[in-house]
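Next come two complexes built around chain A: one with chain B, the other with chain C.
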Partner chain A sequence: MSPADGGMDGARDTRSPRPFAAAAALAVLAALAVWALGADYALAQAAFVATWAIAGLGVILVVGQCGQVSLGQGALLGLGAYAQALLALRGVPAPLSLAAAVALGAAGGWLASLPARRLGGLYFAMSTLAFALVVEEALVRWESLTRGAAGLAVPPLALAGWVADTSFAQALVGGVALALAWFACRRWVASRLGRAWRAVREDEVAAAAAGIDVARAKTLAFVLGGGLSGLAGALYAHWIGFVSPEQFGLMLSFELLMLAFIGGARHLAGALWGALVVVALPQGVSLAVERLPPGLAGAAGIETALFGAVLVILVLLRPGGLAGSR
Partner chain B sequence: MSAQTLIQVFASGVATGCVYGLVALSFVLIYKATGAVSFMQGELLMLGAFAVLALHEAAGLPLAAAVVLGVAALAAFGAMLERTVLRRTLGPGHLTALLLTFGLGMVIRGAVGAVPAASHAMHRLPLPFAGASVQLGGATLAAEHLAVIAATALLAGALTLFFRRTRAGLALRACSENAAVAALMGVSVPRMHTLAWALGAGLAAVAGVLLAPVTFVHPNMGLVALKAFPAAVLGGMTSLPGALAGGVFLGVVEALAGLALPEGAKDVVPYLLMLAVLLLFPGGFAAGLRGRP
Partner chain C sequence: MKLIRRTLAALVLAVAGVAAAQVPGVGEREIVVGSIQDLSGPIALLGVPVRDGMQMRFDDANAAGGVHGRKLRLVVEDAGYDPKKGVLAARKLVQRDRVFAFLANLGTPVVMATMPLIVDAGRPHLFPFSPHESTYAPRHPLKFQMFAPYQDYMDAATRYMVQTHGYRKTCLLYQDDDYGLEVMKGVEAGLAKLGQPLVEKTSYKRGATDFSSQIARLRGAGCDFVVLATVVRETVAAVAEARRTGWNVDMLVTASGYSAQTHELGGKAVEGLYGVTVLPHPYEAGANGQLADWIRRYRERFGAAPNVWSVMGYGVADLFVKAADKAGRELTVERFTAAMESLHTPRDFFGAPEYRFSRDDHLGNRHGRIAQIRDGRWVILSDYLK
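Moving on, here comes the complex of A and B:
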């Protein structure tokens, strides 16, 4: 980074503090996953981790960099997923439909960010909540297009005659998409725009006094973050093979916030760590619940409770997230 | 559409709105006093209804005693949560409190859902007036709606007395206005935070008991709290009477929308209303009228 980047915690802020330790930990985790779960299953999970990490990058741009609390990120994923599902069902080639999903996510982000011109903090968070609930209801009610609550089956991703229907192909596509998204985010947060975001996060009045267009910075964070959410939603729709409005409700928005918070919302690496936790945790919890005596009914309830408990413990013990260990 | 139908829909809207208003009130009370955004009011509401149900059906207490004990237990639970967990996250960050309360809500919802007796059957609180109706000049009003409205009015009166006439109520208000100055005047701010959470949890439990005759008692009944956010926003987010009024207004608008607008519009109307209010009157209706930002 150039010296001009100093002062207000610059772009260093966004990198993992110990890249080599992190890479080694990842390699060990990957090896363990392959050994314990089998290569096929581990690769399928890796595709999900990469997809959630892309969505997490979107949340980190909005929440961690720009400092806006968004409760509507799940709806943006939903827009991307539905765009991709509907276009894929009509035989539109994947490069076009993926671009459309990203564009729709970005447009949704732009729409959700409009109230930010007048509101801040909790009021704005409430407006994103309203946006998300309206989008979800629209997906349920526009039955002629979305088939409502019954949902849509999504064909596998097809790129110019090559069909990504094995878990290896899915992990490959997810990894490439994540790498591209990561590269773009690195560029954005190190740029003038990234510095503007962090200035807005620390103090809006001071940022405005320093000549930063606060409304534009917030809007761009939502547009770029929305585009990433749209991409993640599109990939997720293919991996899971089925989309329905309830998948993209408030719970998903909260899960994404959790993801960013658990990983560490101020670092891009937080998206990857958070995605690992969010994908691994429910499976670990359900494995633990299976070990319980079978007479204990209500396993679904225990899963929810344990998931919540882990979140509470992580929030209390690691308020800076896993990546934020400085 | 006859006038009678209109009156009946109006009354049921006011009754539903009272429940929204009470939940919004508990949310605003906690937000004002402690600065924490609570996403677990719905779960506290559900837990309150189940506590009363358990005390009445499993422990065999008379209903009135079960209601009083259940609400008191929830208030104690709220105070305990504040003392042990929530106190650690006080501060300016909305996000920490939001995620923490959401996680606690998941724990509560999951724990109740894991009890087979709670999750496998629908329960009804056998309130004495449930199912009865009252004839009022040609219109047939459900007795439970009238009971909810009367109970809310009583509770609002009691809260007004508490906030205006008692030392604890004044201290809590002082703490909400300016914690630093209140501390200088000898108010124990941490104790007021505990009190705010206790009151908030108790109010949510009362809302749960009032909602019980209208819907069933089940682990997901806390979803009604999602309507409390628009209600709180309509009231300006920091006004207790505003939150209650916002809830009642929302209930009526929702009921009328169910009558006049196509299927499904009813569920979106509160949020569209909230967006409109946020954009047009960011300080809530009351502040908009007073011309304050």
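Moving on, here comes the complex of A and C:
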């Protein structure tokens, strides 16, 4: 079997197996959410789901497509969020500041990928962990710019006089950004570059022997994944309205990795499914807990315990992720 | 077509009906109050007793017939210190549970992310557990705070300690986040009033367990008084490290380290540690009649001994009950905030400070007092320092 064949299989496995069933399931979920929660609350959820799905696409490019473990994705979101917050506060128009946030995320991704030239596997994963710690520390220490641990208040997103301060507007912006990101990712994974990523994922030595520039493939995965993270971070900063370094710590990186694996790291659709689970499931659990008898509902940590139980069941039933074929 | 038109008409009527209905969260028979807590995240240690304390005060009020015939219902959402979950929880409480007000939301990132949304929805934002100044200043008609800011009471506490003990070299160990920064501002301001500099300061990251380098650095600078902007575990670790190396310097921890856990965990090592207290810990031994009864009821209700956070939760809810009572039967947001602005409560059986709000000042208290660990418990040494 030539690497090209593997690439073809890979291209096929990036698509969700049953797009119509998936779309129908999503529509039902959305209708349920609006019915149970009210439109505004459901739309606020949708805005976060779309934003987290963009970040998830970034993880999927790096982890699912290129096969590199990144523990620093949260820090890249942080770079995007701070770039956006600082520029928005200085009155830079959103199209420019969003581009800058994407660029900073991509630059961060490039920086984080440098050790990949010398390190592989777990050692490289450790270096991305170090990168995340350095970024968080820098955000705390560079007080003159970031106001350190005190954090920054972020104004709502304004696009040419239109202010996205309702949850409908936020969901709309998030949805459009996700659609654009999705379109870009589909093109990348179906291209020569996508085939190179999958070859690197399956076997680095074989990929190099087949004439693939392994270092370049890895760097590009990090740069593009970083850009997506930067975009997600920029939107997140507006939806939350307040950024502080502690929000972009290791917990966020782990949450994003969890998102990718639960959704299905090998499929782009995994980002959306994963985001739904990570963002919306805790809210669903919280609603379910309200139905429990008061003694049980009041127990501390019950929501976390239930959320954990659902995750375990999901992973057992669908080890390849929700978007996986099995 | 007819059917569609009728449905639409019915919808419009229903929407208009809801819009015309009275104040959100205030029904004929109940008042709904929301709170965003951390019951599963890094400060769940605080969140659980705070929630239980609030619940107990509401239960007490309900047992006494409620407020003007309305029962109080507390809806708690767990955000686990995650601002993303906090925002969603705030929207849920505003739209789905239609709460009248928010009480004691916990954690700076969560508070900062949710506060704009809450006041935009016209709901009072009451007594959040966050040291951030924006929770009460600049004055906003819907924002009220009752927790003395670190900056104010650490300024007074530092001055008091330096003046009464005659220290010459004051130093600071602080957590490098918003909490630590607020304390630093207070300590520096207090020292400046006495014409003294802050001789040395050194920081640590939240969750640190090893303080050997920080303590060595402070000792090297010849400090004779060390202020600790630490939380419970770090307080114990830092004091223990100093004592282990034979350094018997006087240390003063903020109200974040004033907890029964400090002497339970620290044992002999933390004997003699000074602390600032804004609310006293409810010790069973030596409690007055009312307090002893309260402790017993709390134990029965929640199966755990109350701590200073339980007292805080109870106090927060107590202020809400008093203001709602003062606002009268026709409860609206305007009447409630007007009642808040003229609220003045005396000291209670816990020994909590007086709270005084006014039209121009939405911060109820600015003062703390000095305590010291003696024979394994906190003993209060001074009155509230002005």
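Definition applied: the second predicted complex is superposed on the first by the 282 of 326 C-alpha atoms of A that agree within 3 Å, B and C clash if a C-alpha of one lies under 4 Å from a C-alpha of the other, contacts with A are read in each partner's own complex, and residues count from 1 in each chain.
Throughout what follows, contacts are C-beta pairs under 8 Å (C-beta built on N, C-alpha and C of every residue); 3 or more make two chains touch, one makes a residue touch a chain.
Please read all numbers here as calculations on a predicted model, not as lab measurements.
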{"item": "Residue contacts with chain A in the superposition, chain B compared against chain C", "value": "B"}
{"item": "Which of chain B and chain C A:215 touches, first, second, both or neither", "value": "neither"}
{"item": "Chain B versus chain C as contact partner of A:304, first or second or both or neither", "value": "both"}
{"item": "Chain B versus chain C as contact partner of A:140, first or second or both or neither", "value": "both"}
{"item": "Which of chain B and chain C A:172 touches, first, second, both or neither", "value": "neither"}
{"item": "Which superposed partner A:282 touches (first chain B, second chain C, both, neither)", "value": "second"}
{"item": "Touching partner for A:41 - first (chain B), second (chain C), both, neither", "value": "second"}
{"item": "First (chain B), second (chain C), both or neither touched by A:115", "value": "first"}
{"item": "Chain B/chain C common contact set on chain A", "value": "140, 300-301, 303-304"}
{"item": "Touching residues (chain side chain A, partner chain B) in the complex", "value": "63, 69, 115, 118-119, 121-123, 125-127, 129-131, 133-134, 137-138, 140-141, 250, 254, 257-258, 261, 265, 296-309, 311-312, 315-316, 319"}
{"item": "Residues of chain C defined as touching chain A within the complex", "value": "39-40, 44, 47-48, 77-78, 80, 83-85, 87-89, 91-92, 95-96, 108-109, 112-113, 116-117, 134, 176-178, 180-181, 206"}
{"item": "Interfacial residue positions of chain A with respect to chain C in the complex", "value": "37-38, 40-41, 44-45, 48, 140, 148-151, 153, 167, 236, 239-242, 244, 246-247, 279, 282-283, 286, 300-301, 303-304"}
{"item": "Residues of chain B touching chain A in the complex", "value": "31, 37, 85, 88-89, 94-96, 98-100, 102-116, 119-120, 219, 226, 229-230, 233, 237, 264, 267-268, 271-272, 274-275, 278-279, 282"}
